[in-house]
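Take a look at the structures below.
Next come two complexes built around chain A: one with chain B, the other with chain C.
Presenting the complex of A and B:
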């Protein structure tokens, strides 16, 4: 058991570990192990205008996508949980299907629509496109929290003079907060890392993953490893945040 | 302290009637219990009063206002749930403050009212605790305080003792009833537990299959049930069906399963089919004495169950039915003890045999 687990762990993390180590090279080419160490490429990346622009664009998109995703996903989760039972399963399956649908198919479809409305290569295309894949994650995490939520609590609030809205606001939302936080973090990470769909929609605009890709097209410089390591760090920090709060991902329970 | 009136209140789910034309009026300060087996419509009725279920037809009046169509948060109804439904993310104080916050009380008023009600439920020291740090009894007191602090027109209790162990339950019963009397608040209490109903209520409403079977004081419900259902739901009873064979001035004779029983009160006519109820505690069980001419019914003990303060015998009457008898197990009155297969004599005073015309 231990042996197999270790092998799997190695298999899963080795590429990342190697990449991170390579990013600290002082040479102008990638090699493993690097002959000399330093943060030369990090400096290069941070001061590069192209990388800065791409990072900012990705952050802007993720920052708009996350709250929208949270609001819409939560509304859908409430609808699925509280609405009529008949057809619930099917509706849920359809709603979360973008999670499993090949993104290339989704990207192609969105590309057509973006052309139609003449919004390609803008936030008007990127944000809704990202929402199609982030909202399902919120539906799942918030939905799981709602399933374990005791509706009587809402009724108690209503009997105490809270309208339906305020009952949800003061009682339900604080209690399902773990699910909301998980949904938000997922949305952010997914939007920030998204490549395939954005690739279809962008012409001149470059998000961080697009910038990485186009850099790779011309040359493989250690800067790409540095960017990857930075992206990895952001993702890791957010994931750690998720774990640190004692989240059971999807279960939405706080373990004290 | 308002009166509550349910007028022909009904709830249908498709073709199924959950509640079927309930009429009930609760006087100010009265403690009324809805009692019945699960699925009898008692909880549906309570939830209609609370406003969570919209009645299919009928009227609901609280105070002098018709509440049909009024959402729960505008009804001024205090509700205590079976599992208390305390807000787990708020302290005791915040839980109790919630209703006051919703009615936009000033912080000064809020602090005063919370302190008062905490005093009443004896929880002043625990106001900063979280609900998860409280015992079951304490949680229930918080739930009560939270419901009462908004000075509701009516207090609704939905099986509030269900989650407590027996000893605490008995204690909370007394405590709740005292509090209800002190605050003189009209109360509608839902339970399936007849002991709770008998010990707490001013009046009991026995329900079955969406309808009211009987409304009355606890003694009336227990001693003068109007139907076999009420008789058998309220405690243990022997119910024998038979036929009236003879009627005299104030007595009647009922023949049931081969024995003749004398019935005191009667609106009976000869040949009426009738059920009679005999409570096990109203039957005297004695030894058979040779040569004695003492009247009674001879029988043989077929089983004996020791229940502490009571010993329960099942006696098969000669050529007659099997009857349950509670013998008191007391050192004060010297009740004889019997063994299985003992021959015994049962005496059934005519006022212990209660006829039910179904």
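Presenting the complex of A and C:
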């Protein structure tokens, strides 16, 4: 069992390690191991206008989506947790339902609506679309930490004269911070990596995944490996944050 | 004592912003697709109405239905592979100490958060015609022509499994972790061999996790578009690829909508089967 598990973990990790090593090639082609090492392709990517534009667009979308998603999702999590008990489960299932809808179907429907309103290929289409798939993750992560939150703390603040809003602001939110962090990180990464919905909605605008896709379809160059490695670095840092600061499963850290 | 519970009215107010968003970005788009799937598409003109032409075409053109079943088959292969690879990992996580468990979890969760396209790029560099494996085998003189490692079902399954394995491991681990270890200890103290303990205690008790993981991976695999395009070239065609082609290249919204509904139907059937099984297991 240890052997199989190690092999599976190797299968999960090795391709990414190989990708990172290959991205440091100094040649004009990709090979493993590279004949000579250097950061030539990183320089190329960072100074390329296409990659810059795509990265900036992706960052702008994620920067708008993340806070909005956090606010919308946290409100829902509070509404579900503190609202009436009856029908709570059905309501929760409805609020996280975009999770089970294939993105290809969601993208198709959103594209039609965006065309109707004449907002395709703009932030007005990208942001609501991304919000639809990120909010469920905030509802789940914040909901999980709210469930383990000891309500008497909030009640104590209120019996000492705090209004409901300030009691939540000063007592509840700081305590459920791991859940909020997890929700924010999930939202950022999901928006930053989203492909198929944006692929439908975009005509001339290109987010980072779209730019990577069109480059990859055209030619497998070392620049694509460098961009992938950079994206990987960003997500690895955020994942580490999530694991050690955030909370995915209810009850303390990720594993009790 | 002040009450922390909210009135129905206030709770609804908190759900309102997201509900409004969902109506616009979720409900209306789906309803639109539903209506369009019954529209007629003739010489590039869409007429809304109650026509069954699109569904008739899907069922009778001999190719769409075939690709649909290919997609189902591909998804089943992916789901089964994930189960076979994921179960030992989930077992290992359950038996590991807290520190080791956190590390395994890091390796299991991090792919979940890694861009799908980045992981596909990694596989292209390894399996491609002039990828790492073919390069090595040729330079060692073991083969003279590159092996077809991608642009076929094998490459697609491998890359999709790499993406979705985490979705199998997490529910499996949750189910295995909630099994009371004393049940297994009781069985073995009564003389059952380890394999028998596993087959008659651990495995049946982990069935809810198996079903949750399989349902999740199957649903995700049915909708997969990017990986078959990159890893399969034009040799592995899935239903989502047909949907994309219908809209982007042929502007045939009614047909694309009907195919999207077919996809949703398959997923709905899978969810119904899984919840029936779940109820049957719980009895």
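Operating definition for what follows: the second predicted complex is superposed on the first by the 245 of 256 C-alpha atoms of A that agree within 3 Å, B and C clash if a C-alpha of one lies under 4 Å from a C-alpha of the other, contacts with A are read in each partner's own complex, and residues count from 1 in each chain.
Basically, a residue touches a chain if its C-beta (ideal position, glycine included) is under 8 Å from a C-beta of that chain, and two chains touch if they have at least 3 such contacts.
All of these numbers come straight from a predicted model, not from anything done at the bench.
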item	value
Chain C versus chain B, contacts on chain A by residue	C
First (chain B), second (chain C), both or neither touched by A:35	neither
Touched partner set for A:158, first chain B, second chain C, both or neither	both
Touched partner set for A:174, first chain B, second chain C, both or neither	first
Touched partner set for A:76, first chain B, second chain C, both or neither	second
Contacts of A:166 with chain B and chain C, given as first, second, both or neither	first
Partner chain(s) touched by A:150 [first = chain B, second = chain C, both, neither]	first
Chain B versus chain C as contact partner of A:110, first or second or both or neither	second
Shared contact residues on chain A - chain B and chain C	155, 158-159, 164
Chain C-touching residues of chain A, taken from the complex the two chains share	1-2, 4-5, 8-9, 11-13, 15-16, 18-19, 22, 30-32, 71-73, 75-76, 78-80, 82-84, 91, 95, 97-98, 100-106, 108-113, 128-129, 131-132, 135, 151, 154-155, 158-159, 164, 185-186, 189, 192-193, 195-196, 200, 209, 212-213, 216-217, 220, 224-225, 228, 231-232, 235-236, 238-240, 242-243, 248, 254-255
For the chain A and chain B complex, residues of the former touching the latter	150, 152-153, 155-164, 166-167, 170-171, 174-175
Residue numbers on chain B that touch chain A, as the complex places them	50-52, 71-79, 81, 83, 85-89, 98-99, 102-103, 146-147, 150, 156
Footprint of chain A on chain C - complex, ascending	1-2, 4-6, 8, 10-15, 17-18, 21-22, 24-26, 28-30, 32-33, 36, 85-86, 88-89, 91-92, 95, 98, 101-102, 104-111, 113-126, 128, 132, 135-136, 162, 165, 219-220, 222-223, 225-226, 230, 240, 243-244, 247-248, 253, 256-257, 260, 263-264, 267, 271
